[in-house]
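There are structures below to look over.
Consider the two complexes below, in which chain A is the common component and chain B and chain C are the respective partners.
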Partner chain A sequence: MTAISYTPPRRRPRWTKRVGLGIQASAALLATLLFIAPIFWMISTALKTGNQAFSATPSIFFTPTFENFAHVFTGSAFGSALMTSTFTASVSTILALILGAGIAYPLARRPGAVQQQVAFWILSLRILPPIVVIIPLFLLLRSVGLTGSLWSLIILYTYMNLPLTVWLLRGFFADLPVEIEEAAYVDGASRLRTFFGITLPLALPGVISTALLAFIFAWNEFLFANVLTGASTRTAPVSLTEYVNPVSVEWNNIMAAGTLVVLPVWIFALAVQRYLVRGMTMGAVK
Partner chain B sequence: MSASTMIDRHNDKTLPVKRRKIGRFGWLLPMIPGMAFLIAISVYPTIYSLNASFYRWNLAATARRSLVGLRNYELLLSDPSFWHSVGVTLTYVFIVVALELAIGLGVALLFFRRFPGDHFLRALLILPMVVAPVVVGLLWRYMLNAQFGVVNYLAELVGFERVDFLGSTALALPTLILIDVWQWTPFTFLIMLAALQGMPEDIIEAARIDGARSVRIFFDHILPMIRYPIAVALVLRLLDAFRVYDVIFMTTRGGPIDVTQTLSWQIYDVGFKSFDIGYAAAYSWLMLILVVMVATVVLKVMFRKTDFA
Partner chain C sequence: MSNAADRQDAPRSESRAVAQDGQGAGVEFDQVVVIFPDGIMALKGLDLKIRDGEFVVLVGPSGCGKSTALRALAGLQPVSAGTIRIKDRDVTDLDPQARDIAMVFQNYALYPHKSVYENLAYPLRVHGMPGGDIDRLVRQTGELLALTPYLQRKPRALSGGQRQRVAMGRALVRKPAAFLMDEPLSNLDAALRVEMRTEILALHRRIGVSTVYVTHDQVEAMTMGDRVAVMRAGVLQQFDTPKALYEKPCNIFVAAFIGSPAINLAFAEIEAGGAALSMAGQRIPTPWPLDVASAGRKLVLGIRPEAFAYDQDAAHDIALKVMPRLVEFMGSEVLIHFSVNRDDSDDQDALALVGEEDIKLAKVDGVTVGKPMVARLDTRCPAIAGQEFTLWVSRQTMQLFDAETGATLG
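Here is the complex of A and B:
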């Protein structure tokens, strides 16, 4: 055995490091608390009575009540709006996944200059502010009698999410070593069978994350929904506006309804935490 | 057979390795439905609205639509309220993006070195950015209320007077900016943190051993290394900030007077309240040109050619 002589680099003493980390962690905690304080306030207001919500001296300690949640579910159209949102967001997510995978897989497996151009064209569709396209789309959908129908929203949400699913799925497919697929071809599997039997299951974590992100965007969308839905087809975000009227603004009910809108999305976001950055940057940052 | 052809088997088109009758362009087949859908829904509105912008066309007016050429654009460019909206939008966009990048990076630096519970805090920090913007607008409207809002309550405790943040001509726009910063800084934070944690540590370690001070290390080593993620965050936030609409719908609705009349809001107003389709279409095109111009400049400045490799 040879002895390895090693002189450690000059370092600060350990205790200053400890104190430094303590200060850093406290600052991080403080920053986090600042950012989630409004969320705490929303949830706590949702558990207050009307009087408490309108009090000039807000209370932090109070006996929580679930009456607001019961009220928004039964006393209004909000419950059905939640169902509408679930349906619209789910169907459009599935469509965006299917159409997106169809584009993404060839782009991932046959890289080339033209393919790159196509990918960037799809990405560039995201530059268009929705307000710029909403009027022509509104007139188009009206002329084919789809305004007020959920299908108009499903079509637009599929369109809105397609660039996302294409870019994310392309990345996830490209991450898989091509050799696995080739092995399947050699064994006599068809392309379709290879895709559904090998590629898709292997890329499943990525596909699910993509789906959840697409769902979140469709679920939160407001502009299209506000313009295109009728009284019976309101989505949850549009339905929220009903609690705001010149006569009264029922803040405790609004906050309860708001909490219900946000809750599923939080669960999804926490589930895809690992891919959240990748998803929201269209795969630009991993 | 030589070894090289054995290795190359799958890419060699002369060898019939299980290429079943799908032909040369068969791999394009699965792309057709999606591409057709994208082209149909993106090309149609573009052409439609370009065409509409050359007409005087109001759905609410009795007069039939008539071709007026570039008149809508002329009217717009000489309309002070258009330039006002451009000013409001650019102010909003640039301040929002600058603050979000700076604060996001600052908070990311706080999370750079691991500490117990950092994953939990990071998970909490994600929450604001997935709250539906409509809910964000309502929540802040409630918290900022002059009579029973908690922000005014706290402000009063420390000696300020109660103010109607969203109803004041001086404060409405800064308030909207702060709301956006609250919602989207977590997003820039996540990007920055991912970038910081992806850096090769030995470079910083080497600089530290050389005796470089933290500030120097940050500007000389860390910042250049995370230039690309910063640029991505910048461009994404920029494009997104231009389309601010939901929160304004729920809070100020362009007011008080016109201090929060962003381009998005104006187009909505012209299109869906005055039903002036021709004018709204011209408005849309000018907005699109502005967005593309700003985005192009930013891309040129921030990215090098090699970044797209």
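Here is the complex of A and C:
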């Protein structure tokens, strides 16, 4: 026996750490399930027959069938609606990016009180709820003969996306050190050449994240599309309502079509994932 | 290396000859005024004539307008009034692209998405040079700056010194009418800075293009410049060789800014008869005749730390009794910090003399009139801290300044 007693420093026992980790993991899992459940439900229902889809006791294990997808493509106008959506969303995204970059760049490079006001005014356009303007817009577009035309949607989506693209791109451009552009000017490059050769490639991650957000907005938009399109110019979200008719609600077909609506955005996001992460963190990492 | 030398068509010695004739103007500022949008006047009528092939350093404390002058020369800062000429061509209203200049930025401003090779090639591509020539020039420049192993790397994979070389290379790769450098060494560590200093000078000697170099470091300015322009608050103070700045500063600001340790400044009064000054009760004969009528007038006496000796000799013949406070042994020399007995009221005068602007500056640099003095002496100097000692001052190197305006007298 010695007189020296050693008190080890107070330490959290290992098991509480494990429990803490366990709680964290369960919470993460729960949140993930919560988000995945509707998607799982959609995809699984899309693979069921009409009767299975309507069954009061939903089955987890069943023989998948692809006939809903076949039906959606052949038996209805959904295929063409998908093409329409792709066209309007892509064109309006590209337009919003080009116009947005053109507005955002000077706002970013000449910061001042006036520019701040202009930027806020642009943002305020986005604050207006679309439902407020839908009737005046409808009348306006009818008077110029654009109702039922895809161009009405392209114009509106571009207009709705511009505040978003201007604000996001302004931030990305402002983050680029101005000296790099000045170096290009001194090296002899014109402003246009500098913008396309130096500024834009450097802001590319930001541009791509912006593009994705604008695309998703235009792709998902329902209100304008529902009011302003005709039978031949329906977009995919509007076209989904076709399967709800006075006789029945074709859940299996809705879910198959819904899966097809999600797919392109999902593929786009996966393809640009590398840029997306950089775009989201661009300001912080530098 | 030899290839790179071959393409130099104006070696430095030749351009020097031209410069001495006063013929070829490299860069010329003529009454250039820059007013910022917030109303601040950053350049108040800058006049500067840089000879062709000359290496000129703009130096001054921060906010003195040296960077603004460089940016105005580059065309990155609009000029409110005046004219800027590069090789006798008026470029005042030209865009940077049209000025035929190359610039090295403080943070290098390399193109991060391009390889070193493409960074070097960019100025040539922009000027529409054929691919074969671009490749040849890029490889020559890469070799000149020892960048050959790194040509395919992206800037982020380079060290600070290597990035600096790429920035230099991008400026060197084509032969511009003028080189502009904005504190290019300030992001490097001290050892590398000294190394790059000599390297930049060697490159300049090889290429012989007029260079305007901005720095806040007076040592860099003195060691690098053929001539140095000292600026303060948008006004050019003095534009001369480093030797002239050191020996004949035009005012107290330049005297205090140039030299390390800084010049010793103390108040002195003209004695009756005008043959000498009295400083803190000690008599100091001057080499210049002083205005007899102004006896009693206050002046500022400037003595360089190097102007002292611990023994009397032919040059050092003015005795000054001092009280060493601290004797610092530096290895090759000793620095003696001492005070000349003086009234406290002298300190108040010091503040009154130099004005608000200088006081801030003096605090930064630790320079204000009436501060304890420093002598830089041989290590054999027997001075001991705390014991009165006689130092001998060379009257030829003494400088006198007007106590009102700070202008150099005599």
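The definition used in the following text is that the second predicted complex is superposed on the first by the 252 of 286 C-alpha atoms of A that agree within 3 Å, B and C clash if a C-alpha of one lies under 4 Å from a C-alpha of the other, contacts with A are read in each partner's own complex, and residues count from 1 in each chain.
Assume a residue touches a chain if its C-beta (ideal position, glycine included) is under 8 Å from a C-beta of that chain, and two chains touch if they have at least 3 such contacts.
What you are looking at is a predicted structure, and each value in this text was computed from that prediction instead of being measured.
Asker: If we overlay the two complexes on their shared chain A, which of chain B and chain C does A:186 touch? Say first, second, both or neither.
Answerer: In the superposed model, A:186 contacts both chain B and chain C.
Asker: Which of the two partners, first being chain B and second being chain C, lies in contact with A:35: first, second, both, or neither?
Answerer: Touch partner of A:35: chain B, not chain C.
Asker: Under the stated touch criterion, which partner chain does A:222 make contact with: chain B (first), chain C (second), both, or neither?
Answerer: First partner only, chain B.
Asker: Once the structures are superposed on A, label A:46 by its partner contacts, choosing first (chain B), second (chain C), both or neither.
Answerer: In the superposition, A:46 contacts neither chain B nor chain C.
Asker: Using the superposition on chain A described above, determine whether A:97 touches chain B (first), chain C (second), both, or neither.
Answerer: In the superposition, A:97 contacts neither chain B nor chain C.
Asker: Report the partner of chain A that touches more of its residues: chain B or chain C.
Answerer: So, of the two partners, B touches more residues of chain A.
Asker: Could you look at A:177 and tell me whether it touches chain B, chain C, both or neither (first, second, both, neither)?
Answerer: A:177 sits against chain C, while chain B stays out of touch.
Asker: After superposition on the shared chain, which partner residues are touched by A:198: those of chain B (first), chain C (second), both, or neither?
Answerer: After superposition on chain A, A:198 lies in contact with chain C alone.
Asker: Mind sorting out which residues of chain A both chain B and chain C touch, each in its own complex?
Answerer: On chain A, the overlap between the chain B and chain C contacts is residues 182, 185-186, 188, 190.
Asker: Could you please specify the touching residues of chain B with respect to chain A in the complex?
Answerer: Going by the criterion above, the answer is residues 10, 17-18, 20, 22, 27-28, 30-35, 37-38, 41-42, 44-46, 48-49, 52, 107, 110-111, 113, 115-118, 121, 123-135, 138-140, 142-143, 147-148, 150, 153, 182, 185-187, 190-191, 194-195, 198, 208-209, 211, 229, 232-233, 236, 239, 242-243, 245-246, 249-250, 263-264, 267-268, 271-272, 277, 280-281, 284-285, 287-288, 291-292, 295.
Asker: Going by the contact rule set out above, which residues of chain A touch chain C in the complex?
Answerer: Checking each residue of chain A against chain C gives 112, 177, 179-180, 182-190, 193, 198, 201-202.
Asker: Which positions of chain A touch chain B when the two form their complex?
Answerer: Answer in residue numbers: 9-10, 21, 24-25, 27-29, 31-32, 35-36, 38-39, 41-42, 45, 53-58, 99-103, 105-107, 109-110, 118, 122, 125-137, 139-140, 155-156, 158-159, 162, 166, 182, 185-186, 188, 190-191, 216, 219-220, 222-223, 226-227, 236-238, 240-241, 244, 251, 254-255, 258, 261-262, 265-266, 268-270, 273, 276-277, 280-281, 284-286.
Asker: Show me the residue ranges of chain C that touch chain A in the complex, using the header's touch definition.
Answerer: 37, 74-76, 95-97, 99, 101-103, 105-107, 109-113, 122-123, 126-127, 170, 180
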